[in-house]
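What follows is a set of structures for review.
Shared between the two complexes below is subunit A, which pairs with subunit B and subunit C, respectively.
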Partner chain A sequence: MQIASRRPWWLLFAGPYGLYLVILLVIPIAQIAAFSVLTYSPTRIVARELTAGNYTRLLDPYFVQLFLRTMRLALITTVICAVLGYPVAYVLARARPSVMAVGLFLLVVPLMVSTVIRTFGWTVILGRNGLVNQTLLLLGLDPIRIMYTETAVIIGLVNVFIPFMVLPLMAAIERIPPSLEEAATNLGASWVQMFARVILPMSYPGLVSGALLVYTVSLSAFVTPVLMGGARVRVVGSQIFDEVLVSFNWPGASSLALVVIAVTLILVFLALRLTRNVARGEKPS
Partner chain B sequence: MSVRRPVVLPVAVVLVYTGLLAPLLVVIGVSFNAGGGFDFPPRGLSLRWYSTFFASTPFVTAFFRVSLVVGVLTAIGATMLGALAAIGVVRFRFPGREALEAFFLTPLLVPHILLGAALYLYFVRLGMKPSLLTMTLSHLVISTPYVIRSVTAGLVGIDPRLEEAAMSLGASRAQAFFKVTLPLLRSSLMSGAIFAFIISFSDINLSLFLSGPGTTTLPMHIFSEIQWGGDPTIAAASALQIVIVGLLILLVQRVFRLRLMI
Partner chain C sequence: MPGVELAVTGLVKRYSSHVSVGPISFEVMEGEFFSLLGPSGCGKTTTLRCIAGFEATSEGAITLNGKRLDHMPPNRRDVGLVFQNYALFPHLTVFDNVSFGLRLRRLAKREIEERVARILEVVGLPHLASRYPTQLSGGQQQRVAIARSVVLEPRLLLFDEPLSNLDFKLRLQMRSELRELQRRLGKTSIYVTHDQTEALALSDRIAVLSQGRIEQIGRPVDIYEAPETAFVADFIGNSNMMEVSVEAKTRSGTVMRAKSGLQLTGPVISEGVGSSLRVLVRPEHIRLRATREDDTPNCMTAEIVDFTYLGEDVHLRVAIAGGGELLVALKSGRATRNLECGRSIELAIDPSDVHVLRK
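And now, the complex of A and B:
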């Protein structure tokens, strides 16, 4: 039941949070945008002189590499999450309600525990005397050094963010009527064929939103790369942190942050368009 | 007739759940370690790291005086702001309603580490020192969308005929809302509040920038202890967080549909 009134009563309800977001989200980000075109000064931090230098600086090999590395890590993480996430999402979506409830619980609890704690757990597992190396020694193999490599960062990111892939995929697969699967297999399709021809194309919107979520959170990840990659695997997140709190190059950090926000918003926009086209294509008209 | 599912399915399920749960179990294991290192499996069992935790002023302050306080304040504030906002966009018709609904969820799109940096620079500019207030104000930004989601789901799920029935029996629109709809929203309000608390309680990306002397949150303190090397007190603190979050999620699953929260 929706109320259409001449007086804007809705403002009374939606107004407070709307105003709140303007004051604590829109204006702070606008301030970053303003900082990003001002000059960095070692004495005053931000000098009131317009410059494009914070952006042209991003074309230096150091920053190009930083962005490429971060984007590569995020992409690999997203692909692994999709490959591992699909089977899990399928099993959960087709499980009995009681099994699904347990599966969901075990997916959401890790997701909601602080990233710091989960990453800490991984550093213990992968560390020099960690579980992995203990097992290798037991098997008579040489211990390996995984910590502080890109591999370690990817292992960490995949495990921290995979629920973001499984949850939307599961929702998408649930909406596919099981009768379609039966029809495909009754007509002689193997399970793999059925998956490729029925589940995959029909759960595509779930894949797009899952991939979008995993990619964007990986792109701006900080804790996992810092704890598992150390100084060797620098990413955009750690660069921003250092420029804000260590070197006080606020204009520089602002330009970096704005680029990441812009990339994120462009990806969200593209994902919305992609999924909308699919939804339109599905309608039998 | 059912077709055999390939072995890949159970393998992937085991792999993913091991990856998700192993770090938590390892942390809990290390917290009971009798030795002084991050040993897993633990070398003998003891509760010494829990007593170290409760004897450590920085840990106790971070847990009880900062994280719990900010979490509860955030839950209360987010529930009020979020419930009002959800009612506003679900129950009223006005131009730009859909745009406003999308705007309300933007905090979920802006990467939190960037929001943290932006808020840090904003508070510095306003001359506001790091405090429980600035921390709570910041956590409200990221946790209110969860309340909006659960209350929206709750409102959409309520049969509008119930309110109409109340009104045809003589209740005013406001009476019908407060006496019929609001009690039905109790479980979605509660899960919204719990989720808001958890988001605040687990946050690190905002705390990284907004923590100051006396306002260091538990995850932030754990993070800096890990960087300094630390001892299994970190694991004890982490285990406490895992247990609290686990129990709260269980509660949400009991009173509401967990599905609608994430």
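And now, the complex of A and C:
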């Protein structure tokens, strides 16, 4: 009681959002957890019979393939975002404030556009008679199939999620004093050596949080894979969608969702461990 | 006779439309400790950054040991820079910070360890090799920064206000350590500072800069006691500066009168009667006399207007009987013990302490 009474009273203002989280996040997840161990019934959706079947079926080659594909797509997306995002983050972090503002706006514009419109834009570019293929034809080359392939999904995911990589990286790079770059240069480092030995290790926490964000949102992505990958590139997200709204297999969808949540939590935990070790190196213990 | 190590010739650095710095020319001798002294914005840091290669020069040439430096990339210049904020790598230990440049040069592990150990010994930090910079005090960080540059044995060492982030006592201590270290290593050094006492205490020679130009280059004693320009006289130390006109010329000196009415006898000069000059009298060159001595030149009776007791020194502002005010700095002692505002005192200035400025 004594400790509680010492807390400032205005902490109560955190209450409404806490309540919001409990009602709209904790309770639904608890319900999903409960559904995932109950039996699917074609007539009543969920039957009150405990089962492990929703999980054991995930060992089917179909589901193993599904998870491997989803994780592969998420991983490739993350790597591409990191490779493309690092230079952008560096340029923006070292740019004049006015340039930085414009750059940041351009960076987050894809997030502001509705997924459907953005994907339609990609269809115009990547489709069978799209910009890319027309250019190839003009050059006398054979058209290629991009739309409804994994490549299309990756292109789409990178496009939407790259801000999640650039923003934390930028924040991390901004905190590195430019004098450290000059010090490295003065000690004989070329630009590449300076980047590898100063910028990269010092912005590492930003890279970890950016990678974590991109990986987890890519892992649970649904609209982009469906619209750009079509029926050929099924991912966990589209499987969950179908099981919830098409086949009404809520227990099955719940087990899939819980596995995704579990993978995400494990990754968050690992990322925190990784960055904490870095932080420990920097500061006196 | 040591030769010229660094030569800066007609250096100009233009920012956008207006000329910001230059033209600046100076030479630094081998093993010399050379300071660039001036207020902020005078171009001293720009000059230093041009030598280090972080700024491109617009005009002029920089040569180190006879070789052109200004077209070389900054990582190839063989010039060590000690930064104002130390710029130590926070993610690396002291050892890794100091060995940073050695590793880039791909030296053998054994040699790296030996050289780092030796230099840490020199700066007095051999026991802190495995610490991180944030675990060190300001003075220790400073020493690591110096070690990191010195371990590469560059031809030239540059210091960018390295002591300005330290508190007063530590600054004095690091100042003498730095001087001692530089003497021991015999490294040609350029030291940028806005702190005149630092420049006077450390330097073999000083270049005083103002508004992108060099005002005067000279030994500390020249700069302080024989400033050539009003700016140098005013920037270095306290000063009594006066516009005077020459009234008479005698065999022993020149009689001058200031606009305030104050009459001074100065050294023999070439300017004729009637010409106007600017003269400087350092406050500490004005002496307190027990009684009036009319036979010596520059004796005056004055009233104390302002009195500041500083322990070692006593600073006075006095109104001279014939007109005009002077700043006087006295060593505190028996003679100054009874001074107070409003008291009348006798002062004298040796004619050789009346210094005529060139402009």
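Note that the second predicted complex is superposed on the first by the 271 of 285 C-alpha atoms of A that agree within 3 Å, B and C clash if a C-alpha of one lies under 4 Å from a C-alpha of the other, contacts with A are read in each partner's own complex, and residues count from 1 in each chain.
In this section, a contact is a pair of C-beta atoms (placed from the backbone, for glycine too) under 8 Å apart; a residue touches a chain by one contact, two chains touch by 3 or more.
No experiment lies behind these values; they were computed from the predicted model shown.
Enquirer: Which one hits more subunit A residues, subunit B or subunit C?
Expert: B
Enquirer: Determine, under the contact definition given at the top, whether A:130 touches first (subunit B), second (subunit C), both, or neither.
Expert: After superposition on chain A, A:130 lies in contact with subunit B alone.
Enquirer: Pick one for A:177: touches subunit B only (first), subunit C only (second), both, or neither.
Expert: second
Enquirer: Just to be sure I read the superposition right, which of the two partners does A:185 touch: subunit B = first, subunit C = second, or both, or neither?
Expert: Both subunit B and subunit C are touched by A:185.
Enquirer: Looking at the overlay, what does A:62 touch: subunit B (first), subunit C (second), both, or neither?
Expert: neither
Enquirer: Which holds for A:197: it touches subunit B only (first), subunit C only (second), both, or neither?
Expert: A:197 sits against subunit C, while subunit B stays out of touch.
Enquirer: Taking the superposition on A as described, I'd like to know which of subunit B and subunit C A:116 touches: first, second, both or neither.
Expert: In the superposition, A:116 contacts subunit B only.
Enquirer: Answer with first, second, both or neither: which of subunit B and subunit C does A:269 touch in the superposed model?
Expert: It touches nothing on subunit B or subunit C.
Enquirer: Considering only the touch criterion stated at the top, classify A:84 as touching first (subunit B), second (subunit C), both, or neither.
Expert: The answer is first: A:84 touches subunit B but not subunit C.
Enquirer: Both subunit B and subunit C contact which residues of subunit A?
Expert: 185-186, 189-190
Enquirer: Given the complex with subunit A, which residues does subunit B contribute to the contact?
Expert: Residues 1-6, 8-13, 15-17, 19-27, 30, 37-40, 81-82, 84-85, 87-94, 97, 100, 103-104, 106-107, 109-115, 117-122, 125, 137-138, 140-141, 144, 148, 160, 163-164, 173, 198-199, 201-205, 208-209, 218-219, 222-223, 226-227, 234-235, 238, 241-242, 245-246, 249-250, 253, 258-259, 262.
Enquirer: Going by the contact rule set out above, which residues of subunit A touch subunit B in the complex?
Expert: Residues 1-5, 8-18, 20-21, 24-25, 27-29, 31-32, 35, 84-88, 90-91, 101, 104-125, 127, 129-131, 158-159, 162-163, 166-167, 171, 185-186, 189-192, 194, 216-217, 219-223, 226-227, 237, 240-241, 244-245, 250, 253-254, 257, 260-261, 264-265, 268 of subunit A touch subunit B in their complex.
Enquirer: Quick one: in the complex, what on subunit C touches subunit A?
Expert: The contact residues of subunit C facing subunit A are 52-54, 74-76, 79-81, 83, 85, 87-91, 100-101, 104-105, 132, 134-135, 148-149, 152.
Enquirer: If you look only at subunit A, which of its residues touch subunit C in the complex?
Expert: Interface residues on the subunit A side: 177, 179-180, 182-190, 193, 197-198, 201-202, 278, 281-284.
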